[in-house]
Amino acid sequence: MAVRVQEEDFDPTTELEALSVGRDDIGALVSFTGLVRGGDVSEMVLEHYPGMTEKALEEIEEEARKRWSLQGVTIIHRVGPLAPGARIVFVATASRHRAVAFEAAEFLMDFLKTRAPFWKKESTADGARWVDARETDDTAAARWALE
Amino acid sequence: MAVRVQEEDFDPTTELEALSVGRDDIGALVSFTGLVRGGDVSEMVLEHYPGMTEKALEEIEEEARKRWSLQGVTIIHRVGPLAPGARIVFVATASRHRAVAFEAAEFLMDFLKTRAPFWKKESTADGARWVDARETDDTAAARWALE
Amino acid sequence: MKLLYFAWLRERIGVGSEEVSPPQGVDTVGALIEWLKTREPRYEAAFAQTAAIKVAVDQEQTDFDASIVGAREVALFPPVTGG
Amino acid sequence: MKLLYFAWLRERIGVGSEEVSPPQGVDTVGALIEWLKTREPRYEAAFAQTAAIKVAVDQEQTDFDASIVGAREVALFPPVTGG
């Protein structure tokens, strides 16, 4: 499946190989993996909106496929409690040429960051806090002229 | 080692984890994997310039680290005979934020494509041919204002 | 109509979802929020700053002017922070 | 001085490397190539279109005006096509 929301971890190699297995028309695979940063954060909890999340991710995938010639797209987002260093999110794109694969992967992340219904809560020594949305994410999404 | 030239295949997950293991200040990992495209190509042979290749790749890494705040960089390039679908090249970048990791990975590939001494020879039913350099690679490299 | 709340909005209101029957005339997201604020102080506190609140009607993100007439599910939540 | 050839240049010249002792006055990459072309037809054929030839002196990429005085290793090759 191109889009998955899950508690379990995933394996980047397995996901990349799933995009290219059995075909020889793919020249470029780009992947983005988001990790939980530590510092004063001891744990991160990912909440989401079941039902709408999958729908939003599928729309994001569809929009990317409309804009670029892609041989494959994978989006995985984990939910639940995650420790520092853990993988949170993974997007991968497969294309004939690298420029397309890079651009589409960046687009997927920018779109996901501003459109997919996930919320992060960080636990620190001072208690738990909800992560604030970053203005730079809106700026990043805006450059794709999203409707 | 950040830079490797080798005949053997490699594992993207292992390479990505090597960049982030034991540290919690990395939020973003971007990887590019180049694969051999098939079509009329039955085999690809990668020739290189031992000694200069490693030096060129290290210069590419150094230049990326000068331009961006990176927690880690990996560049792997395979040499020798490779079948369609096989991995040829891998670059990965680790950073706090995704924009930096994406940009640096694209830069590494553009720089590598035009600066690292590798040459591809394709075998087809009609015989073997050396791959021509692509003008689009020069254009891609030029946007970074390389000296 | 089913209402869903997420993240700190869920925590402030105290429940993740509830069934409501808004009165006649409450037919937009904005009107729904104003009506909720009149119900109990916890809603008034939760919706004090509506500028930071996003909404999805039947799982499609929209804005405060959107109609809720015939909607099965209205979700209210802070700006998303996934990825 | 050691000369190295790669890819189709290596194939046309017939060897991957050789030791040469250019005469007095042959002190740039350009002059070296002109001198090689006078040696045998295979060099003349290989270097017929020098616009497509790249050069590295002691493993640093440079251009045809570069000096080869004191160089240990000069490599001549077509544009790179890795990645």
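Per-chain residue numbering starts at 1, and chain names A, B, C and D are given in the order in which the chains are listed.
The rule we apply is simple: a contact is a pair of C-beta atoms (placed from the backbone, for glycine too) under 8 Å apart; a residue touches a chain by one contact, two chains touch by 3 or more.
This one's a predicted model, so the numbers in the text were calculated from it and none came from an experiment.
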Co-neighbours of subunit C and subunit A - touch as defined: none
Where subunit A and subunit D are represented by their mean Cα positions, the distance between them in whole Å: 48
Distance between the centres, which are taken as Cα means, of subunit D and subunit B, whole angstrom: 26
For subunit A paired with subunit B, centre-to-centre distance based on mean C-alpha positions, whole Å: 23
Touching two or more other chains - residues of subunit D: none
Where subunit B touches two or more other chains at once, by residue number: 34, 109
Every chain pair meeting the contact rule: A-B, A-C, B-D
Partner subunit B, residues of subunit D touching it in the complex: 4, 6-8, 56, 59, 61, 75, 77-83
Subunit D contact footprint on subunit B (complex, rising order): 34, 46-49, 51-52, 55-56, 77, 88-89, 109, 112-121, 130-134, 137
Contacting residues of subunit B [partner subunit A, same complex]: 11-14, 16, 20, 23-39, 84-85, 96, 98-99, 101-102, 105-106, 109, 136, 140
